[in-house]
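Each chain gets a letter, A, B, C, D, E, F, G and H, in the order it is written, and its residues are counted from 1.
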């Protein structure tokens, strides 16, 4: 992933050297100018673990399993959990998940959600968040809904899968085909509503493009949409919102 | 707009009759079952003003000007402002806006944003909301950004158009063409980020589909997207989020 | 329009000659084989008025005004009404409609529906049909809904524009954008439901493709769909259905 | 599936409590308002069997087999047949069908149509319907035509697969590639005509989009179209039409 | 396949009855009107072999193997060859071709072209045709080129695969990717030029849509295009052209 | 237009110099290698008139009027007619055509076909060709059909617009919307059949893509297709075919 | 445009303050972190002129005229030329160009290329570059070719519009429709080749998507493509390449 | 591949015969005219090895492995290496690569890049080139980046995979999904920048079309784009640029 932000600790180190006179402003300017590019270019050689991401964006790195080998997934899970006490990998199909568990028996496989989680040692404190409700339109949409639920829980948010939409702070609606669910909900609630189109269906609905279009053009205004089948993105967005009351009350 | 929710005051009226014995449960069930359909069907005959929408969804009806005559826009603005003290119409092009203002001189025309606002008499109290930042990638994206800004302000949220993204509770990023702005911001902040793709550009970018796709597939997770050029939808979504700290602290 | 059916009167003429011995079976077979092609080829030279279509398909020729001059429309209306007592032209924009009315003052212009009707002399009896309900999702969908309503009425069916969907024999639902209306109705009624997607909207909804897709992929099974903005086609389909109870009870 | 309708029996229960004074109108209004959401949210946890659907829409729940395991299919078939005496599952590929039959030996597998039917005990009476004709353009379109035929028969309609189109009350035309069949039929008959595009073909016809487009834009007006390969939807629509002569004659 | 032509032998039978007075013209007209539909409907029940097609269109039925079982292919080849002395099946993949040959050892498998031919007994005379040249842009386009070559030869046309394009009466150009070959040839020769786009490539060229578009928009006017990978269609079109010099000189 | 062929007269001039010893083979090779590029590059500076094209491809340059000014059209018509005695410009809309005729009063404007022809002085002999039939599906397709007819006549082919398709050597079928005409004709005739999709229609048929797809995927094999609305390309292709009987009989 | 690079002079100023002890490293880190965002946010309020861009990327800001008023264009041209001595605006249609020239009589209008240039006072030295050849496929592609030529010349590169492609250091090929030109050139030269697809054409070529696809999938490897009609982008890319020989020889 | 250039050695042979009087200019013109077509037609019969391509375009033939058998790949590698001392095959999946290595044990398999290289005997001298930097956005883009790197190295260019982008002469940026990397780099460097979109991702990003569009519409001007996943094309383009400083300094 492209990181254009300057790493603050590295920056402070350079600035300390400037204050100490060990580095001239011109040399420092050059070093600062190069900080972002180093990270961009690294990716060619190996998988980078970005431990600073959580500090910067509030969300740690999640391991995207679809384009990684079981060995790469295990390596990433171990390294992330070494520092943060826990780690999660998404889009791990059943066969790959079995191979991951063989290599890392402490890992937990969530088959429906295609997720592997790994808890190691003492956890770092996680930010508190308000409850998130996840509703889904049909049985076929369950894997994506579960992906969103597990990622949101991993990020520290209580998730309500059933019952009363109106008690939640944020609502995630998962639907494929003609995706009428978010439109119906959007006309009934006053809370933030995130819609996930799913690739469920056949004929013109294949790949979820119709569901995506229906959500984007919904008459019920204020619906926010993420990529097709993107339970992870919806969970992260929901958690960022669900943390707001706590963040702001702390600031007072 | 399809309204499937039952109008609460009509419902209470029916229930009062049941309690009073003036209506049998079977007759009441039939009447309740028919409540939603009446409203769906009305639209064929005339423009309905739904004063209850704000109570239900937290957002009053906004007048969508693109498919209305100046007379229809003025009529809707007057009726909405009669009850709520204020009203807003979007997608009003300059020629139509001039005709609206000729009919309703107290209206204010915001040309860049293609918006007409109308303030009449004492306002009803609006919910308090945290600040929203709106950043946009280029000059060509300004009309959509201004649409979002004015609608958010109309809904009671303070809007910061410039300066520090990190002081905001919610960020709206507006960008056309390859839409790299949300990806860059998404890697730098930990607040909810709503992206509006714009239809600016030429060649393969025409109509904003590339910008939409780039935002949906962004590597920076947690970005929420609305329809192309949809400043209104982004503003409503942002305001729903920005009201959360106040809603929840009131509940304590 | 391709007409592959053999004109019955021409066919009978040939057969009479065969019975009279004036034509050999082989010569007759050749003549019969050529009957359909003559009509196909005619279209190059002039606008054909097909008076036999109503007998064959139950629906007379409707004048499609979009690609015709005011003179051509008037000519077609006069010729059709000469035989059937009435005629209708669709997709006639306001400017063209004014020119048509200047040439044919007895014509009636329905501006919202972009339709011109012309009643001349004694009408031929029209088939009886059950009532058709037409509901539409928003103000912007009204022109298409009115087109469907006027064509259905022209074809002899009583049309109910408002109120109770459940009293109708057939329901036409008109909706643009995310087109949730047919899905909602489809889960509530047990009558045939025809959905018309409209080209209303902006961003990804432009041209009605999302509405079309949402209707085709609706979870509420049994929804039948016609082309975008095709009020005429939906009306004809609905009338064919609405005539069934009468046609079949006659057959018993 | 989104069900926005209020369950009538639950509603009556609430209303009985209101009449009995056990529940205040305000409390009742809240309970009624929440009835629909419960069902929407349930889907996250398990597969819901909606026995009320047939009463509401005239069509019982059909099991969509494509996204279910053999165990889930068998469970749904048993539960539906327990109440209705019969059940049907669609989109069950040969391998899955064999597994279903191993678990439920009384089931019947229709391989060409990818359908499994299950008859158990005494049937509930089914509505009477007029005959439906199903014609198809080529050998490759047969699976979809058979899916439509079996579902229509399951719903109680006599189906005519061959011979005279004009004796039928409703016609279903199944065609892939350039889909000229519905256009030709549409110009020859006066009965309702439902067209199913199929995904048969190669090159630009792949996925059936050309066939879908050709049917929607047919010059023969009044053709109604369902999703690509959607034999189920066409059958349900046809049965709803085919029941009309009986339903309405009962009403007289 | 939709056959709208009236079967001549059936027609003559009816006409003989009319001449003989055994059938009234009115009854005959009804019978003639129904002749075409019978064939349309047949397709639901079984694979029809249309021996009359060659007389009507100059091209016998070719067996399209992609959607048939080996047994169906062998049955069709035997039946066609029984009457015409020879038969051909296209789109037969290697595994299916082996099964066909096991059932019909006299058949010849052309693996590259995915074709099976079958010669049985004395051939009927085939029409004479001028030579056809087939050129192709790359190794990957060879299977489609060979399909075209074998079908053209099967239909009686001499095919030149290499050397001088200018000696041919008709040229078939096969190309994938950007498909510059037909444009280059089209600017150099004065003979009819048929272009076959192939689905070769990756990235934006996948599925041959770019090649198809490039051929349709070629600056070299007069290029005629067939469906992607459609060697059969190009061969039939080329043979119809290549027969002209002989057909018309006979007519003089 | 890219011309990659070497101009023969220029080539002969170079070769004469080589034979005369005035040019070394190495110098000549360099000059020959550069011949094609000169023409490619010219286009930047001015409109090139390529008088050699007719000799090479059998078809003279036609002036494509859509992207030219009236002055450019007149200039090109005059220059082409100066050498060939006649010239033709296509895609000239009515306003531009009037401006052309004001500048060149001897020109003839064909409004329906958007064509301007210009005859000047003695004509060069044109090749003989067999008759071409042009059939079209509806009134809206006439402009494209007329464009094809006038260009074919300009190129020396007799054109039959009506009556018997079977008397023609080549058939051009023009159709928009679902384009069933070519499929119907393709099953009835044994002559080359060229199909022109037109951009007539609305909804999903807009731009003619459905008509194009239907023609390319037609079950009636051997149909050749040109670009949407491309009457010119179809005419040139048809004329090349229609000349064959004469060209080849000369060769015998 | 998003500018993520830190302005070097501002950065040095901050660093000087750190060295001088006037700013703590922590304060400095915060200031540095905010430098890029300030510029991103500015765009909402006004048009930013980025004078530093040329230093950073070698290319000054070009004024994109399509979405600006004449006043905005003149303001930007004046400001850019004040510092750099010259400025250029692209995509300025004739009407807007006339208005620009009325306000800024010293400006030069290039109508074909839709460009306005403005030279004011002493120029800053421009980097030296090798010659660039621009070839284009047809008259209709000239405006885009001229846009590329003028922008390249504005950036200091000699441009050769005609004659010998092989003498150039870089070649820009401009082509619409099937875009065979780059493929042909790509097989003949060994220099960098940049292809610009143009939106010229009709039917399937409309909008240039076919030309873009053909260039991207060209068999001639090494072709680099820019957006449709993007003469500016091709010119900038070509100039960056054409400067290489000079840049690197300076480095030796 | 279509080769329209005349083979220089064959041409010189013909010209020598002309000078020697052994061939008349007319005969020679005919022979020269036919030289290109012979090669076009050859492709039908066998895989052509074009040893002259490197002389003409600076790049030898690379073996495209995707549509070839292991035997064909080995044959091509051997023949190319026989003359040039080295050869390379791309798009060779692991299974095919193993088969190639079994047949040609001296070959080297590069699994990540799906490339097989083969070095045989003394190499011919390769042109000198400046360094090329290759950066990629994520782990999933590595295979395409490695393909580009290995092909560039094969063509003689030093490749820098990590560290400082600004030291390179040309930069290749590889990115999928929203492809923000090239935009970010494009605003920071002044060297030629070639972007490769990759087909990595899911949802709307599938197939790389969003990445392609984002790169083509990037606000950072001067980015040149190649086909999706086309590491080979980017490498060849980059090497052509990287050779320029050496080529031109030789010319001085």
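In the analysis below, a residue touches a chain if its C-beta (ideal position, glycine included) is under 8 Å from a C-beta of that chain, and two chains touch if they have at least 3 such contacts.
This is a predicted model, so every value here is computed, not measured.
Pick from A-D, A-G or F-H: which pair repeats the contacts of F-G, with over half of them the same residue pairs?
Answer for the repeat of F-G: A-D.
Measuring between mean CA coordinates, which chain is farthest from subunit D?
G
Just curious, how far off is subunit E from subunit A if you go by their C-alpha centres, in Å?
Inter-chain centre distance comes to 54 Å.
Per the centroid of Cα atoms for each chain, what is the distance between subunit C and subunit E, given in Å?
37
Centroid of subunit B to centroid of subunit H, CA atoms only: how many Å?
Roughly 52 Å, centre to centre.
If you look at subunit H, which of its residues touch at least two other chains?
1-2, 4-5, 137-138, 180, 183-184, 188, 203-205, 209, 212, 216-217, 219, 227-228, 230
Any idea which subunit A residues touch subunit B in the complex?
My answer: residues 1-5, 56-59, 62, 130, 169, 183-184, 186-194, 212, 216-217, 219-228, 230, 232-233, 236-237, 239-241, 244-245, 248-249.
Of all residues in subunit F, which touch subunit G in the complex?
My answer: residues 1-2, 4, 34, 37-38, 40-45, 47, 64, 66-68, 72, 91, 199, 207-209, 212, 227-230.
Residue numbers of subunit A touching subunit D in their complex, please.
133-142, 145, 161-166, 175, 180-181, 184-185, 188, 200, 202-206
Residues of subunit E touching subunit G in their complex?
My answer: residues 137-138, 177-180, 183-184, 201, 203-205, 209-219.
Within their complex, state which residues of subunit D touch subunit B.
4-6, 8, 11-12, 15-16, 18-19, 21, 24-26, 28-29, 32-33, 36
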